[in-house]
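Quick heads-up: structures coming right below.
What follows is a pair of complexes built around chain A, which joins chain B in one and chain C in the other.
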Partner chain A sequence: MDLEALWLSLRLGALTVLVLLPLGVIVGRWLAYRSFPGKSVAEAAVALPLVLPPTVFGFYLLVAFGAASPIGAAWQAAFGRPLVFTFEGLLIASVIFNIPFAIQPMQRAFEAIPSALREAAASCGMTPWQVLRRIELPLAWPGILTGMVLSFAHTLGEFGIVLMVGGSVPGETRTVAIAIYDRVQAFDDAGAARMSAFLLAVSLIAITATFVLSRRVGRRLA
Partner chain B sequence: MSDAASPDRAGLVLRVEQRGPIPLDAALHAAPGEVTALVGPSGSGKSTLLRAVAGHYRPARGRITVGSETWLDSGAGVDVAPHRRRAGLVFQSYALFPHLTALENVAAALGHLPRDARPARARELIDLVRLAGLEDRHPAQLSGGQQQRVAVARALAREPAVLLLDEPFSAVDRTTREKLYRELADMRKRLAMPVVLVTHDLEEALMLADRLTLLQRGRTIQHGRPYEVLARPASVQAARLLGLRNVFEGEVVEHRAAPQHTLLRWRGYVLEAAAATVFAPGARVAWIVSSARVVLHRRERPSRGESENPVRGIIGDAVRLGDLTHATLYVDGDPEAPLRFSVPTHVAERNRVAAGGPATVSLLAEAIHLMPRDSGEP
Partner chain C sequence: MIRHAGLCVLRGAACLLAALVASVAAPVAARAAEPPVVAAASDLQFALEEIAQAFAAATGERVRLVFGSSGNFARQIRQGAPFEVFFSADEQYVEDLAREGRTRDAGVLYGIGRLALVVPRGGPLAADASLADLRAALGDGRLRKFAIANPEHAPYGRRAEEALRRAGLWTDIKPRLVLGENVSQAAQFALSGAAQGGIVAYSLALSPRIGDRAAYALLPESWHGPLRQRAVLLKGATPAAERFFAYVQAPPARAVLRRYGFAVPGETG
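Moving on to the complex of A and B:
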């Protein structure tokens, strides 16, 4: 088992979730409650990574992050490190690619809160911040949790985009999914099998946990 | 009790207008300690007005004041945020917080009290609405009537300057509703703030309200004491909204001084009507008579009211609904002049009120109310 790859994957997954949690809550809530011209376009942009092949997405990110691009050059100037083939670049790619997995369940969760409930909360004297903290988040949290778990599990399993943007630098960009591919290339089927089984188990546990929690909350609120 | 802490007598004064998306042209006044019913068909803008008072809907132009506080003044750029308006709002769906217990729901509206004072006050309010023993239940574990009481307790918890009830009785069964009517009637004696009750049910309004405001398509068309509004609608439109069906057109003949009556020509009859001197002799007017003020003459012997506006015709239909029979008299046999009246079923049977049979009725003069003719609105 490539523990270094495993640790890298877990770190990448955790950081991706950490970035996406506030982003998903803010954007998901905004999409749920606001109507504005071009909302459909915004929602389509959020969903885009679901339908785009990872290699296509990875290609554009590679071009955008490269040293020749303004983003890549600015990053290099600011931090003295390139964006491509580094952990930071991989993290940014991972965040962007996981946007629909995080935002969509959170948006649905906020949409499911009846507007009368939010109005009632305001009429109880709660400030908008208190409404969010005491009413919206407790009611939306199964959806928020689902978004977090989906993003985490999806990060562990992502292959194409990691290969395009990060390559397979040990300790820097070689995730479990890449390591499995490397093992197979090296005819180490046993090593690939162990890591595959591990990924399978992690994904299954994570998804099961969200279903159980959502159902339990659903029963309580029904 | 401390809920009754609004000394200001001005109450709620609302004036809002806008062209769209929901057309509004409404004025509303709700005095402290009084229940003002806002009555209109569904889609007439009742809930929108209520939401405007609470700050959840912003009309294009308007002014909303409660006591000495101004909550909205579009001219002066005042628009107080909903959480700063002390409006106790009971939603049609109750809108209880499903993840909080009954007690926590009530305590959620006690943010103005110090934290350690909230549980005791929440318990007091739970007791007030007779839910003691159920405070730890979640809304899903409460019946409709119990949920409604939690919603009322929560609305009162803020010590609101105005209590707004949005069709609060529509989601419970009939038995519970009647119980809740009595509780509201009982509770309002102890509340000093203005109460606005939105309902599409006229009987509910007649039963519970001190004042009634009629609303149609966002426009308030009449305001007054419920039975006055019912007896003297200001327009044909208001009469139709009140479900009054004996609406006819006639011509003013003259005004008499003693007894004070207005004579009204209708078809071949000259009817004595309640004095309505605003209409000049010769004016075309609309008039109504309540179906409860149409008196059936006995067949065998003349009744005392025989001389009072007797009208003859053929019974068009007679429908027995329990103890009351609702009948239509085609005046002079003309189905274009259907006069509705109700009599106790035993009276209908004794006098053989049945479709096709002849009948004579008296229209009580004081119950004939004259109105301007319809301005074209349905």
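Moving on to the complex of A and C:
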């Protein structure tokens, strides 16, 4: 088992979730409660990574973040490290690609809260912040947790983008999914089998957790 | 209170995340001292791992090895990949990078590679250097899939195509080809049982991991252009990378390369 790759994947997953948690709550809540012209377009943009091939996304990132691009050059000048083929670049890619996995369950959870409940809270004199903290978050938490679990598990398994913008550098961009690919190419079937079994277990646990959580949402609001 | 139990779970998850994040900060600070990253053509998959182990045993220093196709590495280096040493299966890539000022110098020729026909043990194909049985298998339907590396960006794929053309088999075999992203993946395809054989690097055929499951035949050198392999220090290489680069040119490393079937040049350059 490539522990370095495993640790890297866990770090990447945790950081991705950490960035997406506030983003998901804010954007998910906003999409749930506001209606505005072009809302469908905004929702489509959020969902786009679900249908966009990872290689397409990876290609655009490579072009956008590469050493020849303005963003890549500015990053290099500021931090002395390139953005592609580094952990930071991978994190940015991972955050963008996980947007639908984080935001959509959170949006559904906020949508499921009856508006009468929020209005009642407001008419009792609660500030919007209090409503969020005392009413909305306690009711929406299974959806929020589902978003976190899904984006974490999805980060561990993402392959195409990591291959395109990562470059399989050990300890930097070689995630578990890439390490499995490398092990197969090195004719190390036993190593690949161990890591695959681990990812299988993580995925199964994650998906089971989301089902348990979504059942809770249903029961709570019934 | 059920509501607050929910919030506690969220808070617990956030704490767990914070702990993980704290652990991230440390590696970032320590990164400068990390071993250099060496990008190597995948025909070196086994030979260079052995050399790196000997290097670690002799000096106590480590390197991080990344294997892939030379063409992909050359492109990644242009995009700013943080590699410090590049072992290319085709010296053309090194020469181009040198001309663009991305390397320390012109590098050194570390070996000349060869091609081998590999077939899985117990498979329908015989491993003969004349490719006579391959020709027969194409005719009688024994050959369904045949693996080579992608000729577009993998030097061994290009040379395999030349050898197949030279043998007059290219047109017939082309519809049956499966292309590996690099020569190591081509070997993986050839021996997985999904294909009946392949033309890959001789150095891979000689490795114990592959030798256990394959029979091979060395193809005549005259059937394809030379696989002149060049290594180079890239701009920004650290002293640790320089020491590894020097070690690869020392007698113990050259002996390993020779054992993996590379013709090792007497002089550098």
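Heads up, the rule we're going with is that the second predicted complex is superposed on the first by the 215 of 222 C-alpha atoms of A that agree within 3 Å, B and C clash if a C-alpha of one lies under 4 Å from a C-alpha of the other, contacts with A are read in each partner's own complex, and residues count from 1 in each chain.
The criterion applied here is as follows: contacts are C-beta pairs under 8 Å (C-beta built on N, C-alpha and C of every residue); 3 or more make two chains touch, one makes a residue touch a chain.
From a predicted model like this one, the values you see are computed outputs, not experimental measurements.
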Which superposed partner A:Q107 touches (first chain B, second chain C, both, neither): neither
Which superposed partner A:N98 touches (first chain B, second chain C, both, neither): neither
First, second, both or neither for A:G125, with chain B first and chain C second: first
First (chain B), second (chain C), both or neither touched by A:T210: neither
Touched partner set for A:T155, first chain B, second chain C, both or neither: neither
Chain B versus chain C as contact partner of A:L145, first or second or both or neither: second
Comparison of chain B and chain C by chain A residues contacted: C
Touched partner set for A:A116, first chain B, second chain C, both or neither: first
Common ground on chain A, meaning residues reached by chain C in one complex and by chain B in the other: 138-139
Contacting residues of chain A [partner chain B, same complex]: 114, 116-117, 119-128, 130, 134-135, 138-139, 220-222
Sites on chain C touched by chain A in the complex: 3-4, 6-7, 9-10, 13-14, 16-18, 20-21, 23-24, 27-28, 34, 37, 42, 45-46, 64-68, 76, 78-83, 182, 184-185, 187-188, 191, 207, 209-210
Chain A partner contacts - residues on chain B that touch it in the complex: 51, 54-56, 81-89, 91, 93, 95-99, 108-109, 111-112, 138, 140, 154-155, 157-158
Chain A residues touching chain C - in the complex, by the definition given at the top: 10-11, 14-15, 17-18, 21, 62, 66-68, 72, 76, 81-87, 137-139, 141-142, 144-145, 148, 167-172, 174, 182, 184-188
